[in-house]
């Protein structure tokens, strides 16, 4: 073992992630360790509370995916109580999820991921005219005049010359891993700014339906956005709510703007940038296994046939076989803590299904080094994340899993779109099993979802036209109508992958709550068999560091997963006792 | 690098941006912050003399919602803020650098702008023996906060977690999370609470520091009065329904559809100080109450642990259970009966005394 | 724990416990005392009917005597009705009752409630002054009378102050005012079983009993 | 299927609340002060409880005069003098075209239209720099 | 027929000297207090407790009390007169006694002294306060407990205490069995047929010391009426006196002893009805209070004179002529008969039968204002001024009706009015109901008496 490379903080992600990678003499990563270094204990906090309030707590697990935990949470309560929601509410949720996908993926690409591929400083050398030609050659996006790019370039130049680079300070500018010509860099920087402005409009959809973004509001039993069709409801006066004929039109135009941006900017940029980094189609494959829980129902969660994303597991890259998933099956889903800072009463190597899960924080006792520290103790616990496994297998979740699943299930638009993209990049389907494949899958998925949204809006408008204004089912709102005891699981496909919230309700209060989230599947540490999770496996796949002091390679692969670590770190405590044990040294 | 010392006016001038831009910025800010129109010009003059404010943004036990929120700022926009007015020298979610390079960026900014930089904090901090519940680059959040705050001009906490402890500090506070003000005692702290705070309130507060070079007027919880001076209820467009006694009884009844007051379904607007009702969210001319869900009260301390939860009307107490009251009835009856029985025997002995 | 949390939480719980236990205690303690038997030949009709009738008839002074007590009669009704409107028909109050009783009822517009509260307060103040200067009232009034007035009027005042957000100039925030209002109501709850405020519980029985007692002698109570 | 198929009536206009007339008095007071002491005044419309109908009414009452100025800086700002000389209507828009704030300024020339001495000095310097370098002459 | 002026003056003189003749009860102060408290406790029960707990101090009771109405002094507030009882209850029996003991003063001898005036002098136990109380507190019904307590404490005002002792000894104002027999003999000598001490009689008629001494005409009228009706009736010399100073002073023993004489006599002659003379308090004393003290129901019916007369008129057995010389009258209800006994329509039926127009004053019948001398107050000399003020109130009320005469049916009412008349030169005749009947018996009508009532 020649060197241990430590990247902490991993920036441009959500949450606190630390990567430690051991490299051999040639600079190749031989083993990588992914660690979540922050814990809040939201599930412990949720215990004893009103299940109807849970969404707000769960939602604060993450402010980037901001709505996914809210939705998984209300679904878990609805599943536990067998609480049916009106179709309009389902469609409103779909629209919000759809907007979240497109918004989140675009922001991830431009604001979190792009700087791994785009050298901002290099953009200063670009010729705006040539940039304009480049832009126009790949897309008919309106903002592509030489003057426009000149302005952007000037703006960046002023920033650099001011000596205060701000967020661009200390980037690995000039690193040989940056391969884009200056013009492509300039185009990407311009779109970085464009995307920032564009996303503000997209979130209006969340504001209309949920009151604000981040953290829009949800409601167990439906949606908290009554539809006002009264005369006067649309004048901005008091006689109505935010959801009315005028704002339905606004939503339509927001969807159009999303489609437009994806078609004209996001997809072309992805393909253009990927074209310069084809070697990244050959590294960063994770565990070869992929899992999808399914989501975006047209009718209801009890009708998986109406899902846009259908569930399943793909093992060992085999797209011809799809294994069924059952979230309630203790044989299928287990979480392990053999390398986490937690204790299990059954021993550190046993796995537990979330319903039976337990959590006892034990930082010091499980090998956590006393801060300040230089290095994790990877032989014992080294993360606040647990390691979930599906039938003992480490599986990857997220856009790549979903796109592969759609592809494997023969979804025509997906096959067409993927075919187009792969053809343009001159790559086989196997190229998808890679760092860049993951990034590309995110782009493709955005287009698929954006195109689907108009369909949901049309159904909702048809319902309203037919007089169906219902967005909330009042029947089971009152906890007195609930059974004494109930448990359920709320699942969804978050932008980052399969998400599930497990809830146990007793006497109208939360008895146990836990979230098994996408980044736990992806970023979790090794399991008892020492099998690496997707992050670690991907880093161990064909990565060599050009300069250990500037480990941009690690960032590229890690960012391709779009890490969201606050989500992944959790505490669950099903025994009804305070079991937080704090041992210092 | 001689240009390093240039002030914002020179920087803008060099960029071909006229002083009109300041004036406009200040005019608009003045409107947002309820300053008198005359103050705009004064603001513009002050601001031109300032250097781009160095800002170090520390993220601790957070969800990144606050950062997400500031990216939604319309006025000023985040890009205008970070390109034109501030120098965001350290910010996990946005900065290009990672790992050691990122930490160096922070250290450099601290050195260069010693005594002048502003620290923005989102997220709560596990303190003392719990400090290991959150670390960055191997050091605890508490340590990083102390180190970074040491030479700062002021601290702006964004979000209820940094301001008041927020969700990590909600009962039973498993990680021993505390607010910034629990750790830092010797620096001015401006609390921009909210979960998340409104984008304009964050940018507005930063702009105030930027334009006046001073701390804005604060309320007793350390929040800028310009934004936290009034309750949601005070400015709510549904207030007239409250006055008329027209209340939505559930989330999807006629009242709800007509935009009636959400008090009865748990709206915390009357006790929540924030600017949502007048500034509105995301440029969509709406805010939570308008969209149909009651205010959660997210800019207030302890809102996570408020009595009755989010759907209990504000006037409803957290008064225990019917069982407790039934117990009180039984206890009362028992004591009362005992008193009466004792009274009877007293009467009896009085009667016998008379006979004798 | 903020003042409001204290007011809505433990203070509310304990004040309700004291209210309920106190009322039951006093009730049981009174009604489980002895009863003296009557041996004389009764004269009138059914004492049950007479008792029940008296509960109603005592709601107004007997017409011959009404002119002597007109002021007390009308002001008494005025502030009681005003208080009932304020307490029972203000939407936030209804929700409070709903949380205890499990059912609610329609509210009146806030303006009506506000007017009722203002009238009630005015009458209560007038009655306090009267109590202090009237030859009878000043003689028979004691601590309980002034304390009862105080704990009854205080919630009204604190409620109006909270409603109007008065006191903002002194830096009193709404939730503080609300907490003070709730605490003042809790003070009322706590005091309720122990002084003359107990009368809403006993009045029905005392009226019933005087009706029956007089009926036994053939006299309409 | 389009939204126009939804069988509802939309009343696009709210009723004016009478705010506009109240504002006229305030404007008149400012004008009087401008006339007598030369003190400029401004009224921030965004901070007043005015609905869109009020704004329209006020616009109609003030009318549109001779001068119109547009300023492009971090989004557009538009100024026009109303039929009452000295009373200017100012609208400021953001980068993204959204309306940020609307004001009435009672002044001879709105501050934002005037050139700032710093800008003039800067312009002078830039122009000097841009002139062909005829050393002797420009050095003075 | 009318009041025997000479006798009246003599009686008034005697009454003025009562206090001097009394022998006060010797007792240590703490014994007085202890006795008073003991009685108050003993007499308390659930309904009374509920009532004492319910006072809201609204002051309405004062507004209808004739003593307050005439003097406007807050200490005359009826409920305040019960304050010692309330204090004892609160300290000893209230469910909240542990709390009340902290701030409720114990009853002291000074309190007892101070309250004596309120309990005897300025309360005629008329019961008007009980009618107005919005809480339904039967204030007047608890006043006797106060008097019981005072009696036990030996603190009954001298006049009443003396009368109490005399009653115990079997005579009042020197009028005993012998004097009664003497009067009977005198009347018989005037030709009146008077059955006395019959072994068997359906109706036993009672008289009172006042009738014997002052208003013999009332007695005569009653005899004539009974004879006129032809019932099987009798006086009994072992039980003729209806006045019961035991009740007025609060001495239950004397009360029962006096009542027992009547009961025993009535039982001895097998009377089905006992008619109480025109003496207000005697009616409830016998009819309502005695059985409760005795602990047994009476084996006969007790009727007030006016009640009896009214019943006979209504039955048609009593035929009356139209009264002469007077056309309009105002009837003064004795509180003890009306408010304490439910006798209201009967006297009015009699007056109507006499062809009189009844002019009711403002507050009449059930709500009639007391004459001011009831409940024994008439005998307490120091209350003369109070009584006079009440008389003036009554007088003005009666004058306002414009009637020609006032009709009363209670000896003490009558005397109180007479005293008032004298003091203020009021010219209105005050007539006794029974005397008016006696004067206007329709002898022409066939005797319908069948020998049984």
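Read from first to last, the chains carry the letters A, B, C, D and E; within each, the first residue is number 1.
Just so we're on the same page, a residue touches a chain if its C-beta (ideal position, glycine included) is under 8 Å from a C-beta of that chain, and two chains touch if they have at least 3 such contacts.
Owing to the predicted nature of the structure, the values given are computational and were not obtained by experimental measurement.
Q: Chains shared as neighbours by chain C and chain E?
A: B
Q: In terms of touching chains, how many steps apart are chain D and chain E, taking the shortest path?
A: Graph distance in the chain contact network comes out at 2.
Q: For chain A, which other chain has the most distant CA centre?
A: E
Q: Is the number of contacting C-beta pairs greater for A-B or for B-D?
A: A-B
Q: So the centre of each chain is just the mean of its C-alpha atoms; given that, what is the distance between chain B and chain D in Å?
A: Comparing mean C-alpha positions, chain D is 33 Å from chain B.
Q: For chain A and chain D, let me know how many angstrom lie between their CA-based centres, rounded off.
A: 44
Q: Could you tell me the distance, in whole angstrom, between the mean C-alpha positions of chain B and chain C?
A: 42
Q: What is the distance, in whole Å, between the centres of chain C and chain D, each centre taken as the mean of its C-alpha atoms?
A: Chain centroid spacing, chain C to chain D, equals 60 Å.
Q: Could you say which residues in chain E touch two or more other chains, in rising order?
A: Within chain E, residues 44, 93-96 contact more than one other chain.
Q: At least two other chains touched by the same residue of chain A: list those residues.
A: Correct list: 197, 200-201, 229-230, 236-237.
Q: Among the residues of chain B, which ones contact at least 2 other chains?
A: Within chain B, the residues that touch at least two other chains are 74, 77, 283, 335-336, 339-340, 343, 347.
Q: Mind pulling up the chain B residues that touch chain C in the complex?
A: Residue positions touching the partner: 220, 231, 233-234, 242-245, 247, 263-264, 270-271, 273, 300-302, 305-308, 312-320, 324-325, 327-329, 331-333, 335-337, 339-341, 343-344, 347.
Q: Taking the touch rule as given, give the residues of chain B at its contact with chain E in the complex, in rising order.
A: 335-336, 339-340, 343, 346-347, 350-351, 353-354
Q: What does chain C use to touch chain E in their complex?
A: For chain C paired with chain E, touching residues are 25-26, 28-41, 43-44, 54-55, 58-59, 61-62, 64-65, 68-69, 72-73, 76, 134-145, 194, 196, 198-199, 202-203, 205-211, 213-214, 217-221.
Q: What part of chain B is in contact with chain A in the complex they form?
A: 1, 3-4, 6, 11, 14-15, 52, 54, 59-69, 71-74, 77-79, 82-83, 86-89, 91-105, 108-109, 124, 129-141, 143, 166-168, 170-177, 195-196, 237-238, 240-241, 248, 250-253, 256-259, 276, 281-293, 296, 304, 309-311
Q: Quick check on the complex: what are the chain C residues that touch chain B?
A: For chain C paired with chain B, touching residues are 1-2, 4-5, 7-9, 12-13, 16-18, 20-34, 91-93, 95-96, 98-100, 107-113, 165, 171, 173-175, 178, 182.
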